[in-house]
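Next up: the structures, one after another.
Here subunit A shows up in two complexes: once beside subunit B, once beside subunit C.
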Partner chain A sequence: MTTLSHSEMNTSLAENLTRIRTTLGNPNDLIIREFTIRPGIRCSLVCIAGMIDKDLLHRDVLQRVMAFDFSESEPQADRGSVLQLLYSDALSFQDVRMVTAFDPLIEAVLSGKSVLLIDGSARALEFGSQGGPSRGIEEPQTESTVRGPRDGFTENILTNKTLIRYRIKDPKLRFDSFDIGERSKRQMCVIYIEGLTNPDLVVEAKRRLQTIEVDDPEGSGSIEQWIADEFLTPFPLSLETERPDKITRALMQGQAALLVDGTPFGIIFPVTLKHFIHSPEDFYQNWMVATLLRILRVVAIFATMFLPALYIALVEYHQGMIPSKLAFSIAGSREGVPFPAVIEALLMEGTLELLREAGIRLPKPIGQTIGIVGGLVIGEAAVSAGIVSPVMVIVVAITAVSSFALPSYTFSISIRIIRFFVMLAAGIFGLYGIILAYIAISIHIVNLQSFGVPYASPWVPLILEDWKDLILRAPVTFLRKRPKLLHAGDQVRMRKK
Partner chain B sequence: MVRPWFKGIACLMASTMLLTGCWDRVEIEERGFVLSVAVDEAAEKEGSADEPKGLQQFEVTYQFIIPTGLMKNGKSGSSDGSSAYFNITKTGDSMFGIARSLAAEVSRAPFFEHLKLIVISESAAETLGFANVLDFFIRDHEMRRSVRTVVSKGQAKQMLSVVASNEVIPAEYISSILENSRKNAEIVKKARIGDVHEYLLQKQSFVLPQISKINDKEADLRGSAMFNGTDNKLVGFLSAEETKGLNFLHDKIEGGSVKIKWNDNVSNFEIRESKTTLHADVKDRNRIKFHYHIKTEGIIAELFDRPDLMSAPVIKEMEKLIEEEIRRTAEKTIHKVQRQKKVDVLLLRSHLEKNHYRMFQAIEPDWETGINYFAKSDIIVSVHANIRAIGAINKSERP
Partner chain C sequence: MQSEKNKATEIEITFTLASMLIGIGVLAAPRLLAMHSEGIDACISIILAALLTAISCWCIAKLAARFPGMNFYEYSRTIVTQPIALILVIAMTLFMMLFAAYEARAIAVISRQYLFDHTPVEVIALTFLMIVSYAVLGSRIAIIRLNLMFLPIVVCTILFILAFSSNIIEINNLKPFLVTPWQDIMKGMKDSLLMFIGFSVLLSYISLMKRPEKAPSAAMYGLLIIVVLYVVVYIVVIGVLSNMGTEHVLFPTLELAKEVRIPGDYFERLESLFFVIFIMTIFNSATMAYDTAMLSLHSVIGKGKKIHYVFWLSPIIFLTALFPQDVVELWELGELLVLISLFLGYSAPVVLLFIATVRGLKGDVNG
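Showing the complex of A and B:
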């Protein structure tokens, strides 16, 4: 299974050190600081350069231990109790643990902790002195809000946990941590609130997480796919976020969350369609404003999915359904366009996706240039060259803008992929095709589940009570209960006082 | 391992997608949008002897849109070469035949889903059989039931070249004027072809808007054409004034003016609201009594005298004059249609059918013909006018 074997530590310091060296392949960033404390006890501090907080280790460990006179305090004690004495009398470091086996010792060293070994003792002290490179808390890059908090998750799980603890002071807030990945041993934790979150959900989540058997689950995105109910779907079955306030809110609603070390994205589960229309901002604003914005987002979803398809269907099959003047103007603008509308649309939408993809890869300073060149120049040139009609450019532009209006990037990508499918259907069957595609999508969606929760709820199955916070965001005082579909342990959010 | 049934279904789906699709696909720019059709009577035409031949000869003029011309300058002017429309005239004994033979002559086959207007000439409506003319336009699936129908005095074809300087397409020009019934009470409220079809089925006499050409840039849509419900033939025209009276009786007034005599000069009253109720007293079927009550409200729009409009007696006086004027107009219309033409374009037939069904069943065959209960009936009009406002001022000058 692993290269390490479970075994006790040796009492000889030299032997232990040799063993550590051979296990790790004696890398040059392995620091083994050997020193002697009175009366002649040889000690060794083991850590890996770059992963530790040097100052902290120096001030609270090395200085203290070196200055400690063991002979003064208890001359008769044996070597075994030296560590105990150091622990209780000398060290001012907070996060100290006793290690007895060799494997955890190696793991501790590799995760940036430092270990103090003493000659003659088969035990060691482990200090949580992780330092190393870490990014400061910055504003979330992919989910900006106007009135929301500005802090976003970082790659460090400790920081991320702190950001959540900082918001919820409930003693029942649970971070059930475990390591994941056979080789990478990433720390990961399932977050929930005991007594609020449905316990079955937590059990099921843990069960699914335990089935992961990769060397390294590359970030939360990969874990998300490991634990998803269904893989034959373009829709995300859990919600990724870099906003601690979003996770906080999810926890309070009865959902659970997941944090993985090394990625600034947490995962919220279970999710339903509605969570992709909701933005944390909805709750920072007046309920009417929030409701209107949600309606706007729903419209944006439909525009992204169906607008180009509708254009194709109307222009190729159902010219009678376009208002007369618009029909004549479209006909006039398409005069001389060499492609049928469906090819024209696929071409332009393809170009748009290309631009979007290129925009991500491009170095930031060039990004803007490509936006202008791609959007304006290509669009303008294509129209004046007579390859596409101006109306098509408008349709593409509206589609693009609406797809970026959705709060969840993953979800908007799914919608954009479906759009191509609908466009093809419209190109082949016209409006009839769009309706067939819509039915197909609906069938697919109502069949989806996220951790056993129907994806289309509370529409299907119908839970009218949950509609208070669906498209409508009722005034805060009306939202006394948690969403029913999550079967939270504690249904009431607000108790009358 | 792919299961065989799955392969089969995949094959079927792929073939439905790839082999069948797109058969109805016609790009929008390949359509020949027909915006308007004019129907005239044509002289007899020689065809091959053994071909089935109809009793009638239509001369049909199609008005096609030129979308690029419409976009480019937005001007009509067939002189500058980039017109927004063109007309094609064809003759034949069936509408559908003409439409299909047209496809052999214009590159873009006629497409009727945006048809707005059908102009039927006086002579075509009289002789060709109105229902025959309309049959294709009601029956064909490409047609909309909201197509407007007008009857032209003189050649219908000519109407499709009349366009005002501020409009681009004649058909649009005429349709827009039809919308003005809310400003002018002398225009018949636009008649949808669907409504006309209902009249034809109900044997109800009806009126259609009438159009006459003044010059190349102006058409006149005041007045209306009367159709007889028994054989659906054009029986005559109503003048502008009579049409206004009819609109009052039909409760179709959406606006317009009433001119009254006031101290040797005239004054104008603008109608803002008008409601007409009709009651029928059918005790004596030989002398059915119809009572129209017109209730109208409006403002004083123009006045060439300086009475004190703040005084109630002046207003009362004015209201009385308005009432008299409206009653005079309405009675003139009634006289024309009931006494002279004896066609029930007042829609009394459907009123009786809806409200006195049993009685009407008995007299139905003799309503407009034979005993002619319609001509024998008594039609009374009473008017109540109310001047809601005197306008923004009281007097325009001190007398």
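Showing the complex of A and C:
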């Protein structure tokens, strides 16, 4: 049997049904509703229970088809044109398509559509009647803002697309969909705006997506890794988000985005360092407030990465650099602490990470308790037991709070990982170690690219024009152009009227 | 578009040159200069040295612009036959390796003096070279961009130190003017060349430029920044430490930072912090020297991966860095570098450009 004949449908309804049953292993949630329309034409509606919208199917398909009198409308027509007639005269369902091959038919049934087969015809009608379980639109869990919109993506890609379409009514908005995963056949779509997004970027993204060969891509996080430029890096090379407004904004800036069915996280690419200190809220607020908040986030990044290391270096190697009064109080508080500062720091930072991880795993109400109880009790007990110094606890606490101040969860994780290496470097070489670590991180970042865009731009390579929306968030009336670093097709955001 | 993105812009070349020149020289050279001159007369030496450097930089830039897309070995082969070109390139490789070793060793020496007393010199130099090797293994445009990242920080720190030391300058230290005999000025000029060695890296970086014809002006701007900075630093150093004082400390610029008091005493021992930040620019110099050495060698051998070159060159540079027994020998190494630089860095480009002009040689634009 050749593959072609394999995928062709039979004219006999009974044979087709048998084939569907055997292919799917005759599961008990497979619904095959057989009925007859006048004059004696046998039909079958095939779908899977639970994945369809029952009411819709009943009202717009079953009722209509069953009531339809074929002999009246065109007595002479043959069986083949029955489907065509049904389509044009009987059905009130919107999303109807003709299927001619067997494999797409099976795929349609499996993805929650329903299929109408008719005896004597080697074709079938497919209805987009997907229903099934889906969550309502809720506020994004991982990225809350004060003034932003409250809707977040859900697991359903259709809903997610709608949330974006609802915001951008540009006819050039493109959702290029394709299925991914040998077995899971998840729908995925690349979103961009034709004429605005750099076309090379879209081509390259699609090329990379084609290279994914896996049975199931397991959501957007895994696809993100498949299409990343580099895997030897702790930094995220694309930005994940639950917020439709974030994707909308990214599209308008000349970035492209990706949605995958089954996950509430979309991906934005390409990204550079600056995107991780920006929050959508920056644009919902006064520019001064936004700028100051961005400065705060940059400080938070540096505090997370270097604060514990600086403490280690100063206490262990360069006591002379601490102002004398402070030096005395630090020395006083470290009285009786048995470990060198680096061990002390690693111990406390390790405990903190443990608490954080435990807080995520536990059910929500308990999760918060563990933060408070664990943090306070362990910190207090460790100090009074003389294992760590109070100053160390302060340092650890500031580091922790800083790391949570970053808008991107993935980015803050990478920063926290790097922090441990910087701490080790400081433990071995003091300030010299810290500066070498800083240099090494810089080397790494300068060599990184996200979809061909240098990760450190617009700092290096220097694009001064883009600095208007970097740390500074210039007043909105000044942001007339899109960021240059993305090479958008249409550079101008605002045209003078 | 991809290749366009990975080309160097004019400002990057300006920063590259500036970043290459700010290195160990600016920390140590004021001592040598103060030895031979009165007051701040050595500024004349610095400016003269800068003029000399400007001529050579201009020649290098012109040469590169004349033979676009060709590396040093390729165009010197066209100008002065293969054997001489080969000697030039090998000498350049060795010079740059020696320079990288010098920087690594100097870092180790200064670190021991200002940061920690117990850590062995070898370990400090080794870690530094490891970071340099890591940078060299990355892309070459990244090395240029690192300059753009670090130089502003370093220059700001220097300006910060200068600003806070302005109130402790003794005007009397700066006098008298113009009393140093011209022989001493010339001697000082030779010493100031220590602050300018390494500009030859332009040879390998101009070819990365988007518009090589803009290279001469870009290089001149870089040099201008440096000269102004050097002169101001020298004046402030002499103003604070006096001529006598400057002669007797190893690293006058760092001692200057020691004298600085920040109102409120938030920091103490500013010189350690200053030096730590200064490591960034020394790192840049060493990296570019190493990269140029690697590139020169690669242009001769014509094949091989970066990792293989690093595998062979790094140990050699490390061992060379350990060669000087003490600080005195390190200074001798510095003088040796200046001497080589006089031939290789200063004379060679001028001669090459002269011959190329006389013979009317030009690079094939399509080649």
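The rule we apply is simple: the second predicted complex is superposed on the first by the 491 of 497 C-alpha atoms of A that agree within 3 Å, B and C clash if a C-alpha of one lies under 4 Å from a C-alpha of the other, contacts with A are read in each partner's own complex, and residues count from 1 in each chain.
In this section, a contact is a pair of C-beta atoms (placed from the backbone, for glycine too) under 8 Å apart; a residue touches a chain by one contact, two chains touch by 3 or more.
Nothing here was measured: the structure is a model prediction, and the numbers come from that model.
Colleague: Output check: A:Tyr317 vs subunit B and subunit C. Expected answer is one of first, second, both, neither. What do you get?
Modeller: So A:Tyr317 meets both subunit B and subunit C here.
Colleague: Quick one: classify A:Gly452 as touching subunit B (first), subunit C (second), both or neither.
Modeller: The answer is second: A:Gly452 touches subunit C but not subunit B.
Colleague: Touching A:Arg334, do we find subunit B (first), subunit C (second), both, or neither?
Modeller: first
Colleague: With both complexes overlaid on chain A, does A:Asp200 touch subunit B (first), subunit C (second), both or neither?
Modeller: Second partner only, subunit C.
Colleague: By residue count, which of the two partners contacts subunit A more extensively, subunit B or subunit C?
Modeller: Ranking subunit B and subunit C by residues of subunit A touched puts C first.
Colleague: After superposition on the shared chain, which partner residues are touched by A:Phe429: those of subunit B (first), subunit C (second), both, or neither?
Modeller: The answer is both, since A:Phe429 touches subunit B and subunit C.
Colleague: With both complexes overlaid on chain A, does A:His487 touch subunit B (first), subunit C (second), both or neither?
Modeller: In the superposed model, A:His487 contacts subunit C only, not subunit B.
Colleague: Give one of first, second, both or neither to describe whether A:Ala440 is in contact with subunit B, with subunit C, with both, or with none.
Modeller: second
Colleague: Is A:Val377 contacted by the first partner subunit B, the second partner subunit C, both or neither?
Modeller: It touches nothing on subunit B or subunit C.
Colleague: Is A:Met288 in contact with subunit B, with subunit C, with both, or with neither (first, second, both, neither)?
Modeller: Neither partner.
Colleague: Both subunit B and subunit C touch subunit A; at which residues?
Modeller: 317, 320, 322, 324, 429-430
Colleague: Give the list of subunit C residues in touch with subunit A in this complex.
Modeller: That would be residues 1-2, 5, 9, 11-12, 111, 115-116, 119, 124, 127-128, 131, 134-135, 138-139, 142, 145-146, 148-150, 265-269, 272-273, 276-277, 279-280, 283 of subunit C.
Colleague: Help me check something: in the complex, which residues belonging to subunit A touch subunit B?
Modeller: So the residues of subunit A touching subunit B come out as 314-317, 319-320, 322, 324, 327-335, 337, 340-341, 427-430.
Colleague: Which part of subunit B faces subunit A closely enough to touch in the complex?
Modeller: 17, 21-22, 24-29, 31, 33, 35, 65, 67-68, 70-71, 111, 113-114, 116, 142, 144
Colleague: Using the touch rule from the top, collect the residues of subunit A that touch subunit C in their complex.
Modeller: 200, 317-318, 320-324, 429-436, 438-440, 442-443, 446-447, 452, 454, 456, 459-462, 487
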